[in-house]
Amino acid sequence: MSYMERRLADMRQYRPDRTAPEDLEKFWAATLAEAKAKPLNDVRERTSTLSPYIEAYRVTYEGFDETPIQGWYLLPAFGGEGKRPCVVLFHGYTGGKGYPEQYSDLLMLGFAVFAIDVRGQGGETGNLLPQSFGMTRGWITQGLLDPKTSYYRAITVDALQAVRWTAEQPEIDPDRICVAGASQGGGLTLMTLALSDIPAKGIADIPNMCHMDYGILNSTGSLTEAAEFVSRHPDKLEAVLRTLSYFDALNLAERIRKPVFVSVGLKDTICLPETVFAVYNRIEAPKRLQVYPFNGHYTSGDHFRKMASFLLEPAESRAEDE
Amino acid sequence: MSYMERRLADMRQYRPDRTAPEDLEKFWAATLAEAKAKPLNDVRERTSTLSPYIEAYRVTYEGFDETPIQGWYLLPAFGGEGKRPCVVLFHGYTGGKGYPEQYSDLLMLGFAVFAIDVRGQGGETGNLLPQSFGMTRGWITQGLLDPKTSYYRAITVDALQAVRWTAEQPEIDPDRICVAGASQGGGLTLMTLALSDIPAKGIADIPNMCHMDYGILNSTGSLTEAAEFVSRHPDKLEAVLRTLSYFDALNLAERIRKPVFVSVGLKDTICLPETVFAVYNRIEAPKRLQVYPFNGHYTSGDHFRKMASFLLEPAESRAEDE
Amino acid sequence: MSYMERRLADMRQYRPDRTAPEDLEKFWAATLAEAKAKPLNDVRERTSTLSPYIEAYRVTYEGFDETPIQGWYLLPAFGGEGKRPCVVLFHGYTGGKGYPEQYSDLLMLGFAVFAIDVRGQGGETGNLLPQSFGMTRGWITQGLLDPKTSYYRAITVDALQAVRWTAEQPEIDPDRICVAGASQGGGLTLMTLALSDIPAKGIADIPNMCHMDYGILNSTGSLTEAAEFVSRHPDKLEAVLRTLSYFDALNLAERIRKPVFVSVGLKDTICLPETVFAVYNRIEAPKRLQVYPFNGHYTSGDHFRKMASFLLEPAESRAEDE
Amino acid sequence: MSYMERRLADMRQYRPDRTAPEDLEKFWAATLAEAKAKPLNDVRERTSTLSPYIEAYRVTYEGFDETPIQGWYLLPAFGGEGKRPCVVLFHGYTGGKGYPEQYSDLLMLGFAVFAIDVRGQGGETGNLLPQSFGMTRGWITQGLLDPKTSYYRAITVDALQAVRWTAEQPEIDPDRICVAGASQGGGLTLMTLALSDIPAKGIADIPNMCHMDYGILNSTGSLTEAAEFVSRHPDKLEAVLRTLSYFDALNLAERIRKPVFVSVGLKDTICLPETVFAVYNRIEAPKRLQVYPFNGHYTSGDHFRKMASFLLEPAESRAEDE
Amino acid sequence: MSYMERRLADMRQYRPDRTAPEDLEKFWAATLAEAKAKPLNDVRERTSTLSPYIEAYRVTYEGFDETPIQGWYLLPAFGGEGKRPCVVLFHGYTGGKGYPEQYSDLLMLGFAVFAIDVRGQGGETGNLLPQSFGMTRGWITQGLLDPKTSYYRAITVDALQAVRWTAEQPEIDPDRICVAGASQGGGLTLMTLALSDIPAKGIADIPNMCHMDYGILNSTGSLTEAAEFVSRHPDKLEAVLRTLSYFDALNLAERIRKPVFVSVGLKDTICLPETVFAVYNRIEAPKRLQVYPFNGHYTSGDHFRKMASFLLEPAESRAEDE
Amino acid sequence: MSYMERRLADMRQYRPDRTAPEDLEKFWAATLAEAKAKPLNDVRERTSTLSPYIEAYRVTYEGFDETPIQGWYLLPAFGGEGKRPCVVLFHGYTGGKGYPEQYSDLLMLGFAVFAIDVRGQGGETGNLLPQSFGMTRGWITQGLLDPKTSYYRAITVDALQAVRWTAEQPEIDPDRICVAGASQGGGLTLMTLALSDIPAKGIADIPNMCHMDYGILNSTGSLTEAAEFVSRHPDKLEAVLRTLSYFDALNLAERIRKPVFVSVGLKDTICLPETVFAVYNRIEAPKRLQVYPFNGHYTSGDHFRKMASFLLEPAESRAEDE
């Protein structure tokens, strides 16, 4: 057995305890009910791009609160009349929805795309979630003392509403909606798969929001903001760990019922392999894992082709772990 | 002439152009009028500390908007009955008001202290300023597209209201209020001296908010947030530079009329010596400069004693540049 | 005048001496004649992608020597029958031609694409240029003691042959070929524009191969390989500087006759602004410059849209400096 | 069990072998006898501060040899006539005793303070310990080939003499002397508690001089000086490890009989958690541990308040581990 | 048991699985036969140095292919007429054979020296091994998809031919040839000892080419080039691991029959202690290990003296592990 | 004019003011007189090496005070009976005299060698200079408040006494003594050339102790210790600058009367090119400069050969600047 085989075998067997709070299911049931009851108040406006082959719309909708979440809703101008499959995309931490042209690769596959801003971050979308306590630099410590006021809750509901909005569009086949994203976007993908029946499959690249009790001590990524918050306010340790546990895919993985494609870098110090495997190992749905043994926090090579294959496969064909 | 003499002589003569927008005075006149008209809605509650010699109050007041700004108002339990001088303190970026005990050194000089949180940062104070566009990590890009909605405006008014609140306290001699702080706190000190008649003197250690047109290109500190914001949104360059110019002490330095003590580190890469000298050289009030030739972004040695001397001097005695 | 205005004004006036050797024109005349006389020995094979809208070919051709240079030749499957414009793409240092799907954004604009590997680097293309002396890590020190054996010469000719090959393809309008690339790819773009009549315009993002006598002392990029080579072999200093001068766009800029779009980051430590401006200031053709004042070695924001606008403009419309 | 619980449980059970040399007790008995027999030759001179509420003395005394060790002896000017408790303070590596004002927080609690320089470091105190062999940068390799000539021995005795001096002052209640310090100062606190009957309690923040056989291989702190010394002189490995073992709190922890308050950062790379827990787990006296799970080599938040509580508790009340 | 004793005991017992491919012996038998059959086509030319006591020759010979490998062949001008022992030296990665004078220390011991360039690296020797696929920066990914075309194979044969050439020189006692080197040179030493009967002993300082299945995941040295190659071409993982296994001393260690002296640094992140011990523990020949507990990738102190002792000992005296 | 030519031309003209104190000559006259009057109390003992061709002696002598300075005195066992030339060697900061074998290259040229420890640093030599004030990590702040007690004074006199000792040895031709060293050793070389008539020439590689008023602000080397010292004790700035000026080769360069060979790296951040050129430009003796345009704090390539050429040239042949 080579060293890499040993390392992978260890990872395949890593199965830390869940950290779910008692009222986890109740919390999410209430959250989902509230979200469903809230109108989207969406606006969809045609916008021009430099490409004659992209039919582009600037969309705003309300997610968790009144914040107008912005997104690009994009359709290829070719490929005929029928309903299309759509990929709902969540970007990585500090990023934004970018520009329509950057989704050309997915459009070229015949997919529609709905790419949203995560609130407050590097896109054009603000954030009206009230901040009632101090924070460390970044976003994740907003409202972190209580799961109900947590930024994580807001962005998860924003993501769920994006999926709901997509399913309502006339051009889209609601049975062929896929959620996807990397890092933070991968975390939101897992949350969306666990909390919504709409997505038919999901792609969670190097996802965060996984095994956060481990990540807060070991990650060099966004969880350092929570760690620094506790360092400043040592008496808030329990409250912070409790809040995180509501948004940890480790505690929700078993709710996932649709095929999922996950990727992981064994040298990733941001979304550490321990955290990704901990969640992946608990997923009971059809699943596939792409391991990048020498990658840090990035996928590489022909990864887009692997994603595309997964997207193009019939959903009923069972994803198999590679 | 030694190299250090040459370097200092160059700095003493550095006098870059002001970047003031046409309506600078109008902007501040309106802002100050609005602030003055707004009630402070303050709450002052006795709190206990472990020291029997500190009379401590937890204070909240409203500054720029409805956000309850928190502060510690502290009086030494000794030193007699009369009205006291008071130091109003603004902390550095990402920090907070901390704990009452850490101001013991000033209390021991016989001063009262009012140490506030800068909104949203590492203290206990939230931030209700609405965020209506994306941001980069940190605070300063909030509302940065318009001076009226800018985070800088909010924290400057918060600081001014802190001074106003102090002047209203029965224990305080309103003619002996000093403003002080380091880095961001030094920037707020300069702003407060320029915009309020209340403070009798000010201590601006290694201040930021100085010559920001230079800093945004060269500083490794908080202005990198604005630089990254422009990098993401290149079309916002002009708007960002314009907003910054309203809060640049370079454009307000000549309004300062009270003695001011400034410090600078020649190896500071955050609040670069060029930026501090640019402002210092324009101050026409009594002034004193402490140069730390080998310091980065920190003061050192007996700096507290230098501050204390300045605080204890009669205000009318002219500060002299060392 | 703000600090940024001062900085830009300085850059606009930076005009260091050319370092051209006496026989520069002769060298290139001979090189170009030799290249023209050499058959391309090309192979073009249809290959499948996951997208039904990309007509993709795997191409090999011979550039400077017998090395089979690999490239993707891509056509959008939509957009009608006529001859198309084409973008010939050169990648950055250590990179490769990647995968067809990543050029979807250009295809979506209606352009054909020919994206080649730079020999020996991170793509699939080897390198048969003989190595007859020691090297430092990387590629650029291969044959560096003599312009005739230099790796730079080989990759420049490879780039020129790529343009020649493109002009021969039946689907392509030879009057609407654009060359483009970033960093190393930007350097090859400038070289190709200077040395070939075929391209109708070029996009040189944050280009290297500019003012290399400055870069070898100050850049943190690939020229450190040449610097380290000289450090190991101090007696080779003159020979190395001489070889570089044959491949320095500073010495060839005045040969450029077609519109060119250049970008530069003022905080770029790899392709330093001094080096880009030195060349840009000498270009006499229609030209346009995009300055990213806060960027290191990257473009950002809507840069693709700026490139697309430039590509879509009629070539005869004069590019204007912004 | 969450990851943090697992990590803490592991640390609580970490109990590496002691490395005590055979003659450890004899060595210290002789050292203590010698120290006790040596006159302090102390000088205590009133000095002025800017605060009218601090009664300050500049003190020199002889510790291990003739080096005059300097210290600030400080009394609050308030609080009445009786004998006072006193905190004897040892600073961190490379530091110094600083300035009287910086101890205002302890004075405000009603404590006297005696803050000394550690010899030769960043204060005003020299070092007459003879250096008879080469050293690496820093202090700890002085005399490191023999416990009798070791710098560690000198500073430990200096610390013990500071305690002895304090107990002799007329203003001080000798039953309420506390020793305290962080890092190096925490190490000296543990040593002093183990070797002297005078202190009534001690506060060892993120202490060094713990489990040094582990630290010399893994710490990034001052033990790297010893490691580099061995790297230069590989034949001295045994001698160095032997010397260190005389000054390792791991070997002396069981001698501690007074309540002790210890803090540790789980991400501390200087005084690694393994080293602090190894010693803490062996202490049999009343003890309390403050774990900062996300801190490197620093305490944070309201740590001063935790220290103050511990100081103010009656010594007989048993400290309990939190 | 101290921590260092525990750490060493663990290392002494570390015995990971071999990763040898089935045809390993066949591969090397064929390779050695081919090499033996190939003429050396060597040239030996007297060259002058500044020292009258060095008899120096510039040598070229053909190793694996037609590349003329360069070396310095050096004899002390003193020490009499008889045949001499000789040290064949292989340099570290990116280095070169340097200058004759730098081998004065070995000449002063009475040894002849043959110091060669490793092909293509920082010396004067080129590299004619064809490159038929892309590479990452550096040398080791050349031909890495197939053991037959691998750069490792070429340099190993170059080293073996250097030994063969040495044995043919009239001044040399062929029974007293030692191979030696550090890092890459240490790896080549182990390979040469395993694959040739000529060397009478070998010194492998902090050797690479050991337990490469571990190193490719954990080393910060040259194996990162292979790791990055796989990151770019994920489908090549198996091929790369397979190729490396042919050149991993872990799989050839048991073929070593002559005394060998190995050194290792416990803090070496390039040639990690796990990799060196894995190989050392499998060597069945007389062996000696020098552990530098606090060293990174370097030897230190009197290491040359330890090497000299080993060189001067009669070969038959059994090396003993220290 | 290429950029490098411009840069060199600037350096050649760099001529900052001297910073010499009024009593500089008096200070050195007294120091030299005192040193001359002091007996060397030297011990010279034959020691064995592993090489039969090195005649080695372990030497101790007293330099500035009673500290026994250790050195290796080495003679080649070959080369006949007459008096030999000798190189007196001073090592770089933190180093030591090492082992006799490492000087084989100079012995091979026929030179004797006397290589000494700089007191207190990484060799075997202690340091009895009393330390009467605090220090920062390292050596140079010892006694820095007064030129008379400065560590620089002690090591300069130690170096001078080494030269004096050498001239007294029966094997040595006192007219052919050369002083040499790199970095700190280069600084001591310049000092020795300026203050003693004995040396016939000197080699100062990348020397420190040059233009220290510039270095203390800009160097990343040992002068940061002085800078940090001032940072801790801001009131000592003048005293520190004054002390340094006594040991700054800038103020003594014009005393040098013997040929000197200097080297400099244009990218050296420790001994910055400005500092080396400032001194070199003031030397009026025959001089030669080797510029390494791409080197940091190291020489490279065939530098030893350049040194050897300089050593072997007749002293009367005028060194010429290259």
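To keep things simple, chains are lettered A, B, C, D, E and F as they appear, and every chain counts its residues starting from 1.
Please note the rule applied: a contact is a pair of C-beta atoms (placed from the backbone, for glycine too) under 8 Å apart; a residue touches a chain by one contact, two chains touch by 3 or more.
For clarity, every value in this text was computed on a predicted model and none was experimentally measured.
The fewest steps needed to get from chain C to chain E, moving only between touching chains, is 1. Distances between chain centres, each the mean of the C-alpha atoms, put E farthest from chain B. Here the repeat of C-E among C-F, B-C or D-F is D-F, since over half of its contact pairs match by residue number. Overlaying chain C on chain F by C-alpha atoms takes a rotation of 120 degrees, rounded in steps of 5.
Chain centres computed from CA atoms place F at the largest separation from chain A. Counting the residue numbers that touch the partner chain, chain A and chain D have less than half of them in common.
Chain C and chain D have centres, each the mean of its CA atoms, that are 63 Å apart. Note: centroid distance chain A to chain C, computed from Cα atoms, is 38 Å.
Among all residues of chain B, those that touch two or more other chains are 232, 302. Chain pairs that touch one another: A-B, A-C, A-D, A-E, B-C, B-D, B-F, C-E, C-F, D-E, D-F, E-F. Interface of chain E with chain F (complex): residues 50-54, 76, 78-79, 99, 101-102, 104-105, 107-110, 302, 304-305, 308-309, 312.
The residues of chain C lying in touch with chain B in their complex are 1-4, 7, 266-267, 292-295, 300-303. Taken in their complex, chain C has these residues touching chain F: 16-17, 19, 211, 213-214, 216-217, 227-228, 230-235, 237, 241.
The touching residues of chain A, when paired with chain B in their complex, are 94, 96, 117, 120-128, 130-139, 232.
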